[in-house]
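First subunit A sits with subunit B, and in the next complex the same chain sits with subunit C.
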Partner chain A sequence: MRHIVHILENDFRNFFRYKWWLVGLISMNLTDLFIMAIVYNRMLNPAIIQQIKSYFNFFAPGLTVTGLFASAFMIGREVNMEKRREVHQYMLSLPMTRFELAFGRVLSGGLRGMVYMSPLLATCFVFVGLPTLEQFLVILVVLFFLAMGISGLSIAIAVSTKSLDKFVTARGLVYYLLFFCSSVFYPFSLIEQLGREGKFPMFLVAFARANPLSNASDLIRSFLLGTPPFSPEMIVSVLIFSAVFTTFAAFAYIKLIERA
Partner chain B sequence: MPPIIRTENLTKRFGNFTAVDHLNLEVNEGEILGLLGPNGAGKTTTILMLATVIRPTEGTAYVGGYDVRKNPDKVRELLGVAFQEPKLLWVSTPWDVVNWHAKVCGLSTQERKRRVREVLEALDMWDYRHRSVHALSGGMRKRVEIAKVLIQRPKIAIVDEPTAQIDIVGKHKIWRMLRELREEGTTIILATNELYEADVLSDRVGIMHRGKLLVCDTPQKLKDSIVGGDIVEIQFESDPSPKIVEELEHFREVVKIIKTKASTLRLYLNRVEEVVPKIMSTLMKEGVAVSSIRMSEPSLDDVFAHYTGLTLEEAQKEGG
Partner chain C sequence: MKRRRKREAKTTRKLLYVVERDVRLFFQYKVMVIMRAIWFVSQIAFFGLIASRMVAVEDYFRYYVGGLSIMTLYSAAIFIGFDIYEEAEHGVFEYLLSLPVTRRQLVLGRSIGGGLRAFIYVGPLVCISLYVIGIVNPLNFLLALFSLFLFAFGVSGMSITLAVVIKSSDRFDILMGVLDALIVRLSTAMYPLSFVKEANPLYGWIANFNPVTFAADLFRWGAGIEAALSFENPLLPFLGIVMFFAFFTFLGIILYDKTIEGGGWR
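And then the complex of A and B:
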């Protein structure tokens, strides 16, 4: 346990080395939110606006989840850099168990995501609505597990790719797949409708439904806006994603990094 | 006392390339064992296996009685490693690197602060402790890498080319600090391709070439193992008589005598430090006047060449 705290300390120190860059990114996210809210509110089909009431309210939870995703994914870039500069050899030689090392990395990636996401979530609460205490705790727990899963996914990609180019390409593909086949930017009902009309492949509709980013965004929306209605599936999807990728990442980190 | 490190047919293959080939090595507690060899000899791969960073393909090693395959966690608790290439992220600072390393190794807050300051000052890195690693020179980064082990004071320290890129003053400082570390009870494995470093620091030297350990003994015994490796050049005031040459040939340590000039003899022999006093007393007894005497012993380079048929430079080129 002591060593997991040391890993967290090291990873958080590296994270906050870029504090002004992080402040810049959060500011950009918030600017995006406010600009997109105004512009999209006027551009969107009135039928959709009628469904979601206000694009700002709809997008703020989605933006929180994308902010969480992007920041939790940063740990992968560091792990990949360590691997390329052979810093991983030093990490592997430290007097700690492989589990402590691997779990510590996944956990710190997840917690860093939570730290980055907190001003975005606070913006949601201020402008969209306040949850009850229970809802607030559920949101935090679900977002924490989502962050762990994302951190795990990024570490798994980082240790499986040899060069930065390949890592960045893989990261881009994951971003596009998970962001755009989700209800982060547009309501799931719209994706379903497009699927029924044959304008969107049905397997991607199914993917969007299972996508943990969709479910996490919709969970916040259901608590703050009352729509879509809450369903336990939202929590289960995130937990499965987190369990799979946290375990997979820890395994991949230990096995692949030793071979690197 | 059983050896603190023992390898049994330790082997590492990367595809078709065998980096370490059935290595059998023993390291005694409290000694400095120099692993000497050119780049590509298998020193670093051996170190990585001992440090449990990579797994052996075949064979195993016991470190402090623990098998590196079965108890890697226990092995790591005994070890401190200073790598050949400094393992530092460029955004870090020397202070962060060594302070965090000391924390991970379980040093108490007070002890940690004291040792970090002490070692960074001794290595002339105190003034640079808050600079980013990318702003440091290669030698400075290397000092940060070695500082980790000097602060940790592990039971077993593995240092891979500890003074590469470091100036001569720095080299002497690090050598002194490594000796002090050994005096405090740490066993040290020193991997190097610098002959002088291996010679002055090591209690024993193992010569590695193409993944194999060719020989392992004290530097003196290794030098003595070259028959006729020591050279004594005696300049007489007048031509030495055949009787004198004959008497010198009778010493069993003397392998060969060559007359290089009219009044100069070059003797190829073993154990120069023992035989020269005997030669001098013979010459004095015979009343032969000597104007000068010059002695030289083989270097580890000669030892390396003796066992590999290559100079270290040639082997370096061969190993890439």
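And then the complex of A and C:
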């Protein structure tokens, strides 16, 4: 456990080295909320107003999840850089087991995501409403598992290539697919409707439903806004995503850095 | 007379070398080019398509695709500032200064190159947009295209100006990110001006004078999407773009010209 704490400390030091960059990112996220969401609020179609009431309130939980995603994904860039600069050999020489090293990296990626996301979640609570204590704990646990899964996904991509270009391209594809094919920006009913009309492929509709970003955003919405109604599927989907990618990333990290 | 003409041709050739170098340099960033293209297509295929069902704005899908082209043009033109930092960090500045081109040719060439490469890059994406939204009046479209060209030069000049004023690449990176978020969101790139004004009069006031608003609306006017334009007379946004172009191109040139001497870029 002590060794994992050392890994966490190292990764958090790296994270806070870019503090101005983090401030910049948070301000960009807030710009989305306080400008874009407020304007879209005025543009909503009456059928959607009945469903979500206010776009600002609808978007605030989605924004929290996108912030969490972007920051938890940052660990992949560092792991990829270590692989390119061959720092991984130094990491392997440290007096700790491979599992501690791998788990520590995934855990630190997830915890960094949680730290970055907390001001966005606080903003969401201030403007949208407060959950009960139990709901708050459920939100934190689900977001933590989501962050772990995202961190695992980014590490798995990072160790699978030595090229920064390939990593950045793969990251972009994952970003856009998970962000836009989800209910982060718009209600899931619209994606379903387009699917029914044949304007959106059904496999993308199924993907949007299973997308952990959709489920995490909808979970926060269900607690703060009451819509969509809470369903245990929301938690299960995030837990499965997290379990798969955390385990996969830990093993991929161990195997691939040893082979490199 | 003949000698003078020969000298002018030589000067133009040198300027073109600088422009060519910047254009070539841009296309070396293959990942950035690919990423922006993926972003553009996914914005149309996902966000544009789904958001058009969410809002009560007539023909919002075509409206959004028009604005998206301008957002992409803006982000490609801004990239010249990052090149200036890269060159300063890797000692390429000294090499550039040692070339047999005058300072004025170097500076002017960079500004033209910055705008031109953004325009070349956005060309195929604009073609995709036009395939989606169509053109009604080719003459209007040509005029709109010319104003976008000036807009790209202006943005490139603004990026050069900020890059030479702010001497830390980290601060520049953050500032450009925040500025990008503000300048795009406080414009009509994503939504009609009437809704921006309704949401907050201050936002509306800023959007009214935002060069991204001028460019987005002129592009839509050129493509024949006239349902939610912010102006009645296209001359007004055109003049706004000319002023933006003139201000930042010349300011960028003057500042860059002054900064490159004596290691002032460090």
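Here, the second predicted complex is superposed on the first by the 259 of 260 C-alpha atoms of A that agree within 3 Å, B and C clash if a C-alpha of one lies under 4 Å from a C-alpha of the other, contacts with A are read in each partner's own complex, and residues count from 1 in each chain.
The rule is simple: contacts are C-beta pairs under 8 Å (C-beta built on N, C-alpha and C of every residue); 3 or more make two chains touch, one makes a residue touch a chain.
Predicted model, so just to flag it, every value in this text is computed and none were measured.
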item: Room on subunit A for both subunit B and subunit C (clash or fit); value: fit
item: Touching partner for A:236 - first (subunit B), second (subunit C), both, neither; value: neither
item: Which superposed partner A:244 touches (first subunit B, second subunit C, both, neither); value: neither
item: Apex subunit A: angle to the C-alpha centres of subunit B and subunit C, given in degrees as a multiple of 10; value: 90
item: Partner chain in contact with A:31 - subunit B first, subunit C second, else both or neither; value: second
item: Partner, of subunit C and subunit B, that touches more residues belonging to subunit A; value: C
item: Subunit B versus subunit C as contact partner of A:44, first or second or both or neither; value: second
item: Touched partner set for A:126, first subunit B, second subunit C, both or neither; value: neither
item: Partner chain(s) touched by A:137 [first = subunit B, second = subunit C, both, neither]; value: neither
item: After fitting on chain A: smallest Cα gap, subunit B-subunit C, Å; value: 11
item: Common interface residues of subunit A - those touching subunit B in one complex and subunit C in the other; value: none
item: Subunit C residues touching subunit A - in the complex, by the definition given at the top; value: 30-31, 34-35, 38-39, 42-43, 46-47, 49-51, 53-57, 170-171, 173-175, 177-178, 180-182, 185-186, 190-191, 195-196, 198-200, 203
item: Touching residues (chain side subunit B, partner subunit A) in the complex; value: 48, 51-55, 72-73, 76-77, 79, 81, 83, 85, 87-89, 91-92, 96, 100, 103-106
item: Subunit B contact footprint on subunit A (complex, rising order); value: 3, 6, 9-10, 13-14, 17, 78, 81-82, 85-87, 89-90, 92-98, 258-259
item: Subunit A - residues contacting subunit C, complex; value: 20-21, 23-25, 27-28, 31-32, 35-36, 38-46, 48, 164-165, 168-169, 172-173, 176-177, 180-181, 185-187, 190-191, 193-194, 199-200
